[in-house]
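Please find the structures below.
First chain A sits with chain B, and in the next complex the same chain sits with chain C.
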Partner chain A sequence: MHDRLLSPYHPGGSRMHRMPAGLKAGGAAALVVAVVLLPRDAWAGYAACAAFLALVAALARIPGRVLARRILLLEPFVLGVAALSLAQQGGGRVFLAMLAKSTLCLCTMVLLSGTTRFSDLLRVLWRLRVPALLVTSLALMYRYLSVLMDEAARMTRARRSRTFSAGRGLAWRGSATVAAQLFVRSSERAERVYAAMCARGWRT
Partner chain B sequence: MRAGVADVNAVEVRALSYRYADGTKALRAVSLVVAEGERVGLVGPNGAGKSTLLLHLNGLLPERPSASPSVCVLGVPVAEPNLREIRARVGLLFQDPDDQLFCPTVWEDVAFGPQQLGVRGAALEERVARSLGQVGLAGFGERLPQHLSRGEKRRVCLAGLLACEARVLALDEPTSDLDPRGRRELKALLQALPVAQIIATHDLELVVETCARVVVLDRGAVVVEGPPTEVLADEARMLDLGLEKPHILRHRHPH
Partner chain C sequence: MHIPDGFLDAHTAVAAGLLSAAGLGVALRRVRRVLPARRIPLIGLAAAFVFAAQMLNFPVAGGTSGHLIGAVLAAVLLGASASVLVMSSVIILQCFLFADGGLTALGANLFNMALVAPVVGYGVYRFVRRLAGGGLRSTLLATGFAAWCSTVAAAVACAGELAASGTVVWRVAFPAMAGVHIIIGLGEALITVLVVAAVARARPELLHEPAPSDGWRRYASVAAYGLLLALGLVVFVAPVASPWPDGLLRVAERLGFAPRAVGPLVRAPFAHYAVPGLGAGARSTALAGAVGAVVAFALAWVAARLLTPRGARRAAEKAVPGA
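Here is the complex of A and B:
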C-alpha cells in the first residue's frame, strides 16, 4: 500500500520517460486545463483526450494493469465529489461529465508521475520560481511521508502485539494513542531535522 | 597539515558548562582538546552529555551563543559571527540518519551543504561525486533515501559532511544499529579519513580499534581520559560507570 502510494514512478527508459520533465509537466497542465474547459456534453472531445492519453501510456510502456490499479485507488475520491451533483436537477449528465473529466485529469497525473521522478518535478517547480517555501515543504513532505508511515506501522504492530482482547472501543483508543504519539514524535523529529539542516549551514 | 597552523588544535573546549531549559545540568566544566587529524572516543552511560557536547561543537547549542565562547574550532571561537565558517568546518553526524537525510534524492542531500557554501555547477558535481566515491557509493546520486539500507543511509550522511570539506567530524553513535558488515565498512572508512574525529559511542570495541585516546564522561563531567587500552581496561571503574571492559581487552590471544 505504502509503496504503491509513495512511488508512483514506474521506472523505464521509454521516450516518454526521457522527455524533459518541464515539457511533460507543461503538457500535463495544458491537457488538464483543456479537459476542464471542454463543454459538458463534448463527448467527442473526451474521447479524443482519452485516445491521446492511451497513446502516451503506450509510448511510456506502462502496462494497463498498473495504470488501472493506480486509477482505481484514487477513483473513490472522484466518485465522492461527483456523487454530490446527483442531488441536483438533471444531475445524471453532470455526474457523467464530471466523472469523465476527473478521470481524464487523474489519468494525466498518473501518467505524468509514472514517467517523471518526483524530484525532477520539484526541480521544474523550482525553475518556474514557485515560492521556495512551497517547494521545500513539498520536498520535505515527500521525503518524510514514508518515514512517518513506517513509524506508524511499527507503532501499530507493537500496539497489536500487546492487545489481547478484541473490543472495538479499545482498538479505537489504541489507534488514537498511535495518532497522538505519531504527532508528538513527528514534531520532535522536525526539531532534529531542523538542527541537522542548520548543522550543514542552513540559514547561517 | 599546512605549516604555520600546525600548532592550532582541531577542537578546544575550555570549562564548558551547559544547563537545559528545564534546569537539568548537562555539562559541568568540560574541557577537551583534539589535535588535527586525531581520533578521540567519547564514551559514557546514557545521559552523560555526549550528544550535548557534540551539539556545542558547531554552535547548535547553546540556543543563545554566549559572549565568551568556551569552544574553539581550528582556532576560531564558536560564536554568532563565525557560525557559517564553523558549520562548514565541523561535520556533525546525527544518530538517526533519517533526521539528517532530508532531501528527495541522495545527490541533492550530499549537495545541500556545499550549496549553502555557494558551490555551484561543475564544481558542485565534482564534489558530490568525489564524496559519494569516498564512502563507496559512487553512482548512488539518483537513489531515493527511503530505498537505502541503514548502513547506506549512514554513509550518505557522511558523504554530505565530506562534501562540505569538513575538517572535524563529530559522530554521534555512528555504529548503532549497523549490521557487522556495515560496522566494519564504516570503521575502515573512518580510519581512512585524514580529519579530526570525535566519536561518541557505546561501541567500546570501536574505540579500542580506531581511537588513540578516549574521554569518559559521566553526569556531564570528564571522569578520566587516556589511551583506550588503559582507560577501558580498568574493569572496576568501567562497571562503576555503567560501562564494561571491552571483550577485545580481555584476552591477549588473537581472535
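Here is the complex of A and C:
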C-alpha cells in the first residue's frame, strides 16, 4: 500500500519516459499555466488540453486504470474547495469551470510524476539554481520517506498488538507516542546520515 | 487546505509566490547561520517525519479521523526558520510527487502552510511561554495554544487568497474556512501537545531552545517575517474583508467617473460591501473564533496540567528549600 502511494513513477521505456526531465517539467508547467489562464467559458480550450493529455498518456503507455486511480484519490480535495463556490450567486458555472481546470492540471501533474523520476526533477531544480540547502533537504526527505513510513507502521502494529482497549483517549496517546518516538528516531538517524555524508566527502 | 490549480487568479498567485519565495530566502539565510553543519540532514529527515506523522490516524467520531498538520510541532522541536524549511519541503514534495496542491497555487500553499502557520505559531508559542514563566508545563500550554492559532491563521490566509482571486466571495470563504479550522485547530492543539509531551518525556534535550541572542541579526529576521506576514495581510485579506470601499473607489467617486468607467467592473463586489458590510456570517465567525480561542487555551491548560509528570513537580518542590 505504501509503495503504491509513495511511488507515482510508472516505470517504462516509452518516448515520454526518455524525454529530458527539464523539457517535461517545463512543458507541464506551461500547460498548467495555460489552463489556469484560460477564460472560464473556454470549453473548447479545455477539450483541446484534454485531447493533448490523452495523447501524452497514450505515448507514455501508462494504463488508464493507473492514472484513474491516482486522479480519483486526489479529486475529493479538489471537490472540497470547489464546493465552497457553490454557496454563492452564480456559483454553478464557476464550480464547473474550476472543476474542469483543476482536473486538467491534476492530470498534467500526475502524468509528469508518472513519467519522470523525482530525482531527475530535483536535478532540474538544482540546475535552476534553487538553493542547495533546500534541494538537499528535498532529496533527503524523498530518500527517507518510505523508511520512516515503514518505521511508523511497524510501531503502530506493535502498539496495536499490545493494547486491546478500544478507548479513544488511549488511541490518541498511543499515536502521539508513536509520533514522538518517530521524531526521536529520525533525529538519531540524521546524526548517522551526517556521519555517512562526511565520510563520503560532503561539504556545506 | 491545499489549494488546487485553477482557483487563484494571476495576481494572487504571483503575489503569493513572491511573498513565499522571500520568506523561504529569509529562512534559508537564518538556518545557514544558526544551524550547526551536523544538524543539516535533520531538516530533510524532519520533513520526512512530518509527512509520515501526517499519516497517523487520530480517531474522532463515527469512523472519521483527524491527522496532524505539524507546523507548530516542527517549530517547537526545531525553531521557526527550520520549521519554515521543513514545511516548505513537505509542500513542494506533495505538489511535485503527489499532485496534492496545484503548481500555480504552490506559492499560495507555501505562504499559508509553510510561512504563516510556523511563523505565527512560533510567535504565539514564545509569547505565551514567556508569560507563563518557563518550565515543561508552560511549554505545553504555549504549544497547544500556538497550534490552534497557527491552524486558524493559515485558514484565514487561504480564505483571503480565494476571495482575492474572485473565486469564492469573502462572506462565504471566511466563515467556511475559519469555522471548520476553529474546530480542526482544537484537534491539532491536542495532538501537538501530546507529541511534544511524549518527546519531552523520552528525550527532553531534543526540544528546541533558542540560541543565545546574536544581536541585531535575530531581530532582523523577526522583522523580515513580520513584514512578509503584514504584506500578506494587506494584499490578500484587507481588500476583501474591509467593509469600506477601498481608496481607489473613493477617489473614483469623488472625481465623478465612477458610474461610467468603473461601473461594470465594480458593481459585483460592491453589492457585497453593501450596508450590512461584513455580513452576519463574518461577524458570527469572528465571535466563534473568540470562543474557540478561549476553548483552545483552556484545553491546552488542562492538557499541560495532566501531562506534566508528577515526579518532575515533586522534584521541583524538593529542590526549593523549606517547601
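The rule we apply is simple: the second predicted complex is superposed on the first by the 203 of 204 C-alpha atoms of A that agree within 3 Å, B and C clash if a C-alpha of one lies under 4 Å from a C-alpha of the other, contacts with A are read in each partner's own complex, and residues count from 1 in each chain.
Note that a contact is a pair of C-beta atoms (placed from the backbone, for glycine too) under 8 Å apart; a residue touches a chain by one contact, two chains touch by 3 or more.
In this text, all values refer to a predicted model and were calculated from it rather than measured experimentally.
Asks: After lining both complexes up on chain A, report clash or fit for chain B versus chain C.
Replies: Once chain A is superposed (C-alpha atoms), there is room for both chain B and chain C without a clash.
Asks: Look at A:133 in the shared chain and tell me whether it touches chain B only, chain C only, both, or neither; answer first, second, both or neither.
Replies: second
Asks: In the overlay, answer first, second, both or neither for which of chain B and chain C A:119 touches.
Replies: first
Asks: So, does A:55 touch the first partner chain B, the second partner chain C, both, or neither?
Replies: Touch partners of A:55: none, neither chain B nor chain C.
Asks: Output check: A:178 vs chain B and chain C. Expected answer is one of first, second, both, neither. What do you get?
Replies: It touches chain C, and chain B stays clear.
Asks: Using the superposition on chain A described above, determine whether A:158 touches chain B (first), chain C (second), both, or neither.
Replies: neither
Asks: For A:186, is the partner it touches chain B (first), chain C (second), both, or none of the two (neither)?
Replies: Once the two structures are laid over each other on A, A:186 reaches chain C alone.
Asks: May I ask you to name which of chain B and chain C touches more residues of chain A?
Replies: The partner that reaches more residues of chain A in the superposed model: C.
Asks: Touch test for A:168: chain B only (first), chain C only (second), both, or neither?
Replies: Second partner only, chain C.
Asks: For A:68 in the superposed arrangement: first (chain B), second (chain C), both or neither?
Replies: Neither partner.
Asks: Which holds for A:47: it touches chain B only (first), chain C only (second), both, or neither?
Replies: After superposing on A, A:47 lies clear of both chain B and chain C.
Asks: Aligned on chain A, what is the least Cα gap between chain B and chain C? Give it in whole Å.
Replies: Least C-alpha distance: 9 Å.
Asks: Looking at chain A, which of its residues have contacts with both chain B and chain C?
Replies: 118, 139-140, 142-144, 147, 189, 193, 197, 204
Asks: For the complex, which residues does chain B have touching chain A?
Replies: Interface residues on chain B, with respect to chain A: 55, 58, 60, 83-84, 87-88, 90-92, 94, 96, 98-105, 108, 112-113, 116-117, 142, 144-146, 160-161, 164.
Asks: Which of the residues in chain A end up touching chain C in this complex?
Replies: Interface residues on chain A, with respect to chain C: 8, 28-29, 32-33, 35-37, 70, 74, 77-78, 81-82, 84-85, 87-88, 94, 97-98, 100-102, 104-106, 109-110, 112-113, 118, 121, 131, 133-134, 136-145, 147-149, 151-152, 156, 168, 171-173, 175-184, 186-187, 189-191, 193-194, 197, 204.
Asks: List the residues on chain A that touch chain B in their complex, please.
Replies: 6, 117-119, 122, 139-140, 142-144, 146-147, 189, 192-193, 195-202, 204
Asks: Considering the complex alone, what residue numbers of chain C touch chain A?
Replies: Contacts found on chain C: 2-8, 10, 13, 24, 28, 31-32, 37-49, 51-53, 55-59, 68, 77, 85-86, 88-90, 92-93, 95-100, 102-104, 162, 167-169, 171-173, 176-177, 190-191, 194-199, 201-203, 206.
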